[in-house]
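The structure appears right after this line, and notes come after that.
Chains here go by letter, A, B, C and D, matching the order in which they are written, and residues are numbered from 1 within each.
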Amino acid sequence: MSTAPVKFYQVGSFAVGNRLLPPDQNSIQSDSERTNALTSGHRACQGCGEALGARYALDAAMRASNGKMIAVNATGCLEVFSTPYPESSWRIAWLHSLFGNAPAVATGVAAALKAKGRTDIRVVSQGGDGATVDIGFGVLSGMFERNDDVLYICYDNEAYMNTGVQRSGATPPAARTSTTQAVGPEPGNVFGQGKNLPRIAMAHEIPYVATATVADLRDLEAKVTRAMEFRGARYLHVLVPCPLGWGSASCDTVRIARLATQSGLFPVFEAERGEVVSSTPIRQRVGVEEYLKLQARYGHLFSPKRRDDIIDHLQANADRNIARYNLINADTKNADLPEKGVL
Amino acid sequence: MEKPFAITLEVESSLANHTGSWRVERPQYVNLMPPCNNACPAGENIQNWLYVAEDGSYEAAWRSLIIENPFPAIMGRVCYHPCQTVCNRAQLDEAVGINSVERFLGDLAIEKGWSIPITAQPTGFHVLVIGAGPTGLSAAYHLRRLGHDVTLRDAATAAGGMMRYGIPKYRLPREVLDAEVARIANMGVRFQLGRHVENLQDAIDEGFDAIFLAVGAQIGKRAYIPAGEAARILDAVSVLHDVEDGQPPLLGRRVVVYGGGNTAIDVARTAKRLGAEEAIIVYRRTREKAPADDGEIQEAIEEGVLMKWLSTVKHAGADTLKIEKMELDEKGFPQPTGEYEELEADSLVLALGQEVDLSLINNITDLEVRDGVVKVDPTMMTGRAGVFAGGDMVPAERTVTTGVGHGKKAARNIDAWLRKTAFEKQETPSIVEFKDLNPWYYSDAPHAVRPRLEGARRASTFDEVVQGLDESTALYEARRCMSCGNCFECDNCFGVCPDNAVIKLGTGKGFEINLDYCKGCGICVSECPSGSIIMIPEKS
Amino acid sequence: MLRQVEGSKAVADAVACCRPEVICAYPISPQTHIVEGLSRLVKAGDLKNCEFVNVESEFAAMSVAIGASATGARTYTATASQGLLFMVEAVFNASGLGLPIVMTVANRAIGGPINIWNDHSDSMSQRDSGWIQLYAETNQEAADLHVQAFRIAEELSLPVMVCMDGFILTHASEQVDIPEQEQVDAFLPPYSPRQVLNPDEPVSIGAMVGPEAFMEVRYMAHAKTLLALEKIPQVAKDFEKVFHRDSGGLVRPYHCEDAETVVIALGSVLGTIKDVVDELREKGTSIGVLGIITFRPFPFEAVRNALKNAKRVVVVEKAFSIGIGGIVSENVKGSISEQKTPIYTVIAGLGGRPITKTSLHALFHQAFNDSLEPLTFLDLDQDLVEREIIREGSK
Amino acid sequence: MFQVRIHGRGGQGVVTAAELIAQAAFDEGRHAQAFPSFGSERTGAPVVAFARISDEEIRVREPIMAPDAIIVQDETLLGAIDVFNGLTPSGYVLINSTKTLADFGLKQADAPMDRFITVPATQLALEHLGRPVPNAVLLGAFAALTKVVSIDSVNKAITQRFSSKLAAGNCAAASAAYEFVQSKLKESTHA
C-alpha cells in the first residue's frame, strides 16, 4: 500500500487536498465536513504535532467507523491540553482514566460493547510515548496478547513533554532532555538504550502494526483506515514533533517529521501478523544532519564543537533502518548521500 | 445524560477559549507576482489562465488570457516565451510549457469561433492607428474594448505587418493569423488597408481624437559590401515580403544569408523551402552570441541549413563570396584575422536588421527622433500631444510579443489621456522565487514535448513545423504549473493547522484564517506549496 | 436454594445471578475460587452476555473494570492483599469517576513479610479510597451483600467493595441459601448508567480539574457517599422483602441494649465472639456485640445509638495503623466522642493468627475489671518481642 | 457439636473428605462447617482439614483444637507428627492402614478398640475404584465408627460430589469400609 499516488501533477499525492480531485480520492482532512475530533480552543503549544496527529488519526477512525467510535486517552499532554475543566476540545465520546492504564481501559470498553452486542462501535486508545512504551507497557502488552478489539495509537514525541521534557524509553540517542542533559563525554541520551515498540508489537503477532508521521497525511489516514478493517489488537505509532521539547520552530513541525522519514531515522512501514508487508520509500533522501540541525535538543552535536562521531553514529542508525525496511527504491532522489537537499 | 460536576464535560466546550490571544504573528493569504507573469512582454496573467485551464475551463482560461493579449494562437507559435525561461518549475524538473498551452487555447478559440463582445460604453472618441502589425492590432483591440472607435490604416493589402511579411508561414500559418485578425475586425475596428500614410499631418488634420503610430521597422539595413555588377544581393525583409506576396525571388542553388538574427534564420529556412540546395548562414560571431532564438537555430540545422560562424563577407562576386575569418577578443568582440576564403553563392541575402521608415513624420518638428526611432514619454506619447507611438518604431526589443505589449500599454494611456485622467498601473507585488515555495508537494512531472515534422521532410514544404498539443497533454502541461505566489486550493493550510483555525470557503473561494483560534504557529505558511501565505506581525 | 457450599462458590453464584456483563480478574489467593467459578459459568454459557477478561495484573483488572463500567456495563472484579494495593491508583480513579463497580476483597494480610493468611490490612488500607466498604460476617451474608452491592453502587453511582475474610470464609464450606435468579431479577433492575460513553451522545469523561473546582468535587463526593447511610438500610429492607432474611445494613447489634460491655468487630470473627458472649451471658455477664457491616461511609449515628448504654467498648480489629493503633476504634471514638466511655483497642488475628474463644474469654475478663491496656495485641508472644527488641536495640 | 480433624498429605483430598462429611451432615438436615488448614502446603506435605457438625447454627471460626474424631489418611504421618493432639477423652481415631493398632505401639488401655481402629482404605479403594485414593473410602469407616452420619448420607454426598463412575466406585469402597468396621466393632464387643 499505502497510498495509491494520485495522478495529478500540480500537486502530487502529498498535499492535503486538491480542488480537481474527485472527493473519494481526497484526504479526509480536506473535507470541510471532517469530524474535527479534536477541535479549536485546546491549549496545546503553537505548532503542536500531537494535536495535529490526534486530529488526523481520530478523524480517519471516525470516517472508518461511520462515527461510531469511543476513544480512551492516557494521561499526558494530549489529555491535559484537551480537557482542562471546564472546557473539552473533543467532539467524540472520550474517556481519560490514568497514565498507565489506557490500553486496559479500552479493553474494558471493548468488552462491554461485546457483551452488549454493540461491536459496531469501535474502540481507539491513545497515549504519548511515555504512556505507551513505559508506564503503560505492561497493560498494552496484555491488550495485544489477548488480541482485544482495540486500535492503540501512540503519539510519539520521544520524551515526557507534559512534565517538562524528561527522557522516556522512546527518547532517541544523543537527544537532550531535562534528565539526559547535554553534558559530559556522552552528551544527551546514551546509545544502546530505548525500545522499538512497533517491533515489540509485531512480536505479539497482532493483526496490524504500522508507523506514520504528521508529515504524510495521506499515508497516516490510509493506515488508520486499514487498521480499522481488522478486528483484534492493532497498533499505530505516529511520530509527532514537539516544538517545546525538541527545541524547534513551531512552523517546522511538519517539516521535521518529513526530514525524520527522508533521512531514514524514522522508518514508515506496516506489518500484518508480525510480518512487514510494506514500507514507504524515501522520496528525497537527506542526511541525518538535515534533520538534527533544526532541533535544539541536538544543538550540542554542532556547537561549541562539532561532534562528527555522534552524527555519524546517528547516520549509521538511519542507514540500518533504510536497509532493514528497504526504504530506497528507483525513484528515490539523492539515494546516495550526501547531497544536502532541504525539503 | 446527567454529567458529574467538573469530571465530565460537554463536547467542544473549548470553543469558548479563544487561543488567538496567544498570537504574535498572523498568517495572511497573498497574491504575489509569478516570474512568468513578470517576464511576459505582453503582461499576460499566465498563472491565472493556467489555473483556470487546469479544470478544463478552456474558454474561461482563454478569456482570461485575451484580457491582455488578443493573439493566443499567434503567441503560441511565434512568442519566444521568456515566461518559460524564468519558470520556477525549471528548478524542480522542467519549465511549464506555457507557450504550448497558450497555442492550444488559441487554436481551440478559433475552432470554436469564440468572439469578444464589447461591454464598455461607447466613448465617442475616435482613434487612428497607423500600422496593422502586432502593435497596431493590439492597440486597436484594446482601444475598442475600452469603448473607442478605431480606424486602422496600413500600407499593405493585408493586416499583420511583420507577422505576415516577416514570419514565414511554416512558423505561423496564415489561416491562424487571419482568424485572430478577423476577430478584431469583428469587434468593429475599421480597417483601411492598402492605404499608405505619407504624411502624419494630413491624418491629424482629419480630426481624430488621438493617433497611434505603429508602422514598425520595414526597411532592411543595407551595409556597404564591395560587389561586382553580377553579384545578386537582396535584403531579407523584401525576400520574405515577396514570398508572402506569392512572387518569390530567384535565389539560385546556393544561398548565403548574412546575419545572426531570427530574420536570417527565417530567410535561410525559407530559401531551403524555395528549392535552394544549400542555404548557408554567415555570421561574424558565434552561435552562443547570435541574437537568434536558439530553438530556431536548432530547427534550421535540423533542416540542413549550414552555419558559418565567426565569418564576415568582404566582397560579393557573381557566384562567389570572399569571407574573412574572425576571432573573438577577450571582450567577446569579433576581430578580423586576415584569413580569407571563397564561398560559392548564387545570391547573398542581407539580414542585418531593419530600420524604421520615418518619412511620414519628416515634416513634423515636435516629434523627436533619436537613433532612427521615435522618442516617447512613459505614457508612450510623442512630443506631439495626442500622438502616441509604439512597437519597432520606438526604442524596444523588436519582437511580436513586445509589440503586443506596447499596443496594450499605448491603448490604456491613450484611453486615460482622452478621458483626461492618468492610467494608474498598480505596483507589482514581490516576485516569487523558488525558495519561497515548498516543492515537496509537487510530484515529478516532466515537460510535455510538442510533436514536430521531421527536419528533412519539413524543409521541402511550408507546412507548419511545430504541431499543437492534444487536450490531455495541454491539460497535463497546464497542471504542471506550481501556481507561484497564488493559492490553488490544495487544502494544505486547512489540513495542517493544529488548531483548526483555517476556514475552507469552498471551491474557488479559497480560505480564511479564524483569528479567534489561530495561535500563529506558522505551519500553514511553511507547508503552503505555492508560497501564497505569509506571516505578518500582530499590530500591538 | 439452601446448599452446603464453599463460600467462594456461594459468592460466585450470587454474583452470576446479578447478570454482570464484564468480569475481569487476576489470580491471587484467597480470591481465586470466586473468579474461577465465574469464568467457568461464562465459558459454559450459563452466564450469558458476559465477557470474562483474563487480565495481566490487578492494575489492569481495575482499569478494564473502569472502561467497562464507563461504557454502561455492570462490572465485577475480585482481589486481595497485594493485588488490591497494586490496583490502588485505579481504585481511587474508579470512585473519582463515580463508576458503580462491585469488587470482592477476600481479606488477606499485606507484606512484607509476605503472608497469605487472613486479616483486614488490605481493605482497611483503602478506607479513604472513596469506595463503599461492606464486611460480611458469614458466607450467607457474603453472598447476599454482593446482590445488594450492585443496587447500592448503581443507585448512588459509586463503587462498592464487599470484604469477606480470606480462607476463613472464602474456603469454608457451610450452608448458604444461594439467591435464586428470579429473586435477584425482582430485586436488582438492569443497570441504567448515570453517564455513559456513547458515540450518539458524546461526552468527555475524566477531565483535569484545577484548584478552582477540586475542593468542590471532593466535597460533593463526600456528600454523595454519605447518602449511602440511608441507601444501605433501605436496600437491606428491600432485600428482606424479596429474600426473607436479614442481611446487610449498617450495623448488627447483638444484646447491645442492656450490655455494660460492648464488643465491636467486623467480619467472620463476630461468630466466634457471639459464642463467647452467649457463654458469658449464661454466667450473667452483661456483654453484647456490635457488628459493623458498613465501614465506609462510617455509620456514626448507628454506632452511637448502639453504644448509648455501654460502660465500656472493646474493639477487636484485624488491622492496625502502625504508629497509631486501632483504625476501627478511632472511628468508633469519633461516634461517641462526647461520652466518657472507655474504648479498648484489641488488635487480633493479624496474618491469620487464630482468634480463639479461650483467648477472647481471657480478654473480656480483663475488660470487665478495666485492666485492659488501651491498645492490646491478642495472643502476642510478649517474651519474644521483648527479647527481639532488646537484641535489635543492642545493635 | 461434633468436631473432626483429618490428617493427610497434600493431594490426598483431606479437604474433600472434610467437605463430604459436612455435606453428609447437611443432607441429614444439620448444620455443618468444613474448612482447610489455610496454608500454602504443596503436594506431599502433611496437611489437615476440619469439619464441624451441629444441630444449631455454627458461628465459631476458630480452628478445631479438641477434635471428637481424628482421621489419618496416611499412616506414615504417625511417626512424623502428633496426630492425636487435643483428641477429646472419648474421641475416635481412624487410621488408614493394613497394620494393627499394636503395630503402631498403641495399647488397648489408651486406644480402646471401640474408638480406635485401622482400616485398609487404600486397598479397598484399589479394589473397588482401581485407584489408591482413600479419602472418600475412609468416610464409610467414619460413619460406622462414630455413627455421627449414616452411610447412606456419606454415599449421597459422594454421589453429589463425583462423576457417576468415580462415585460408584467410591460408594462401593466406602460401603465395604463401613462393613469392615461394623464387623471389627462386633469382634471388639464379643472380645
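Heads up, the rule we're going with is that a contact is a pair of C-beta atoms (placed from the backbone, for glycine too) under 8 Å apart; a residue touches a chain by one contact, two chains touch by 3 or more.
Here the structure is a predicted model, which means the values were calculated and not measured.
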Other chains in touch with both chain B and chain D: C
Per-chain Cα centre nearest the global Cα centre, belonging to chain: A
Chain pair with the higher count of C-beta pairs in contact (C-D, B-C): C-D
Centre-of-Cα separation between chain C and chain B, whole angstrom: 92
Between chain C and chain D, centroid-to-centroid distance (C-alpha), Å: 35
Centre-of-Cα separation between chain B and chain A, whole angstrom: 50
Between chain C and chain A, distance of the C-alpha-averaged centres to the nearest whole Å: 45
Chain C: positions in contact with at least two other chains: 97, 198, 201-207, 209, 213
Multi-partner residues of chain B (each touching 2 or more other chains): 6, 9-11
Where chain A touches two or more other chains at once, by residue number: 82-83, 85-86, 88, 90-92
Complete list of chain pairs which touch one another: A-B, A-C, B-C, C-D
List of chain A residues in touch with chain B within their complex: 5, 8-20, 26-27, 29-30, 32, 36, 39-44, 46-49, 51-52, 55, 82-83, 85-92, 217, 243, 249-255, 258, 283-284, 343
In the complex with chain A, residue positions of chain B that touch it: 6, 9-19, 22, 54-55, 438, 440-445, 476, 479-483, 488-492, 494-501, 504, 506-508, 514, 516-517, 519-523, 525-527, 529, 535
Chain B residues within the chain C interface of the complex: 1-11
Touching residues on chain C, where the partner in the complex is chain B: 96-98, 157, 194-196, 198, 201-207, 209, 213-214, 216-217, 220
Contact footprint of chain A on chain C as seen in their complex: 21-22, 24, 49-51, 53-57, 59-60, 63-73, 75, 89-90, 93, 97, 197-199, 201-210, 212-213
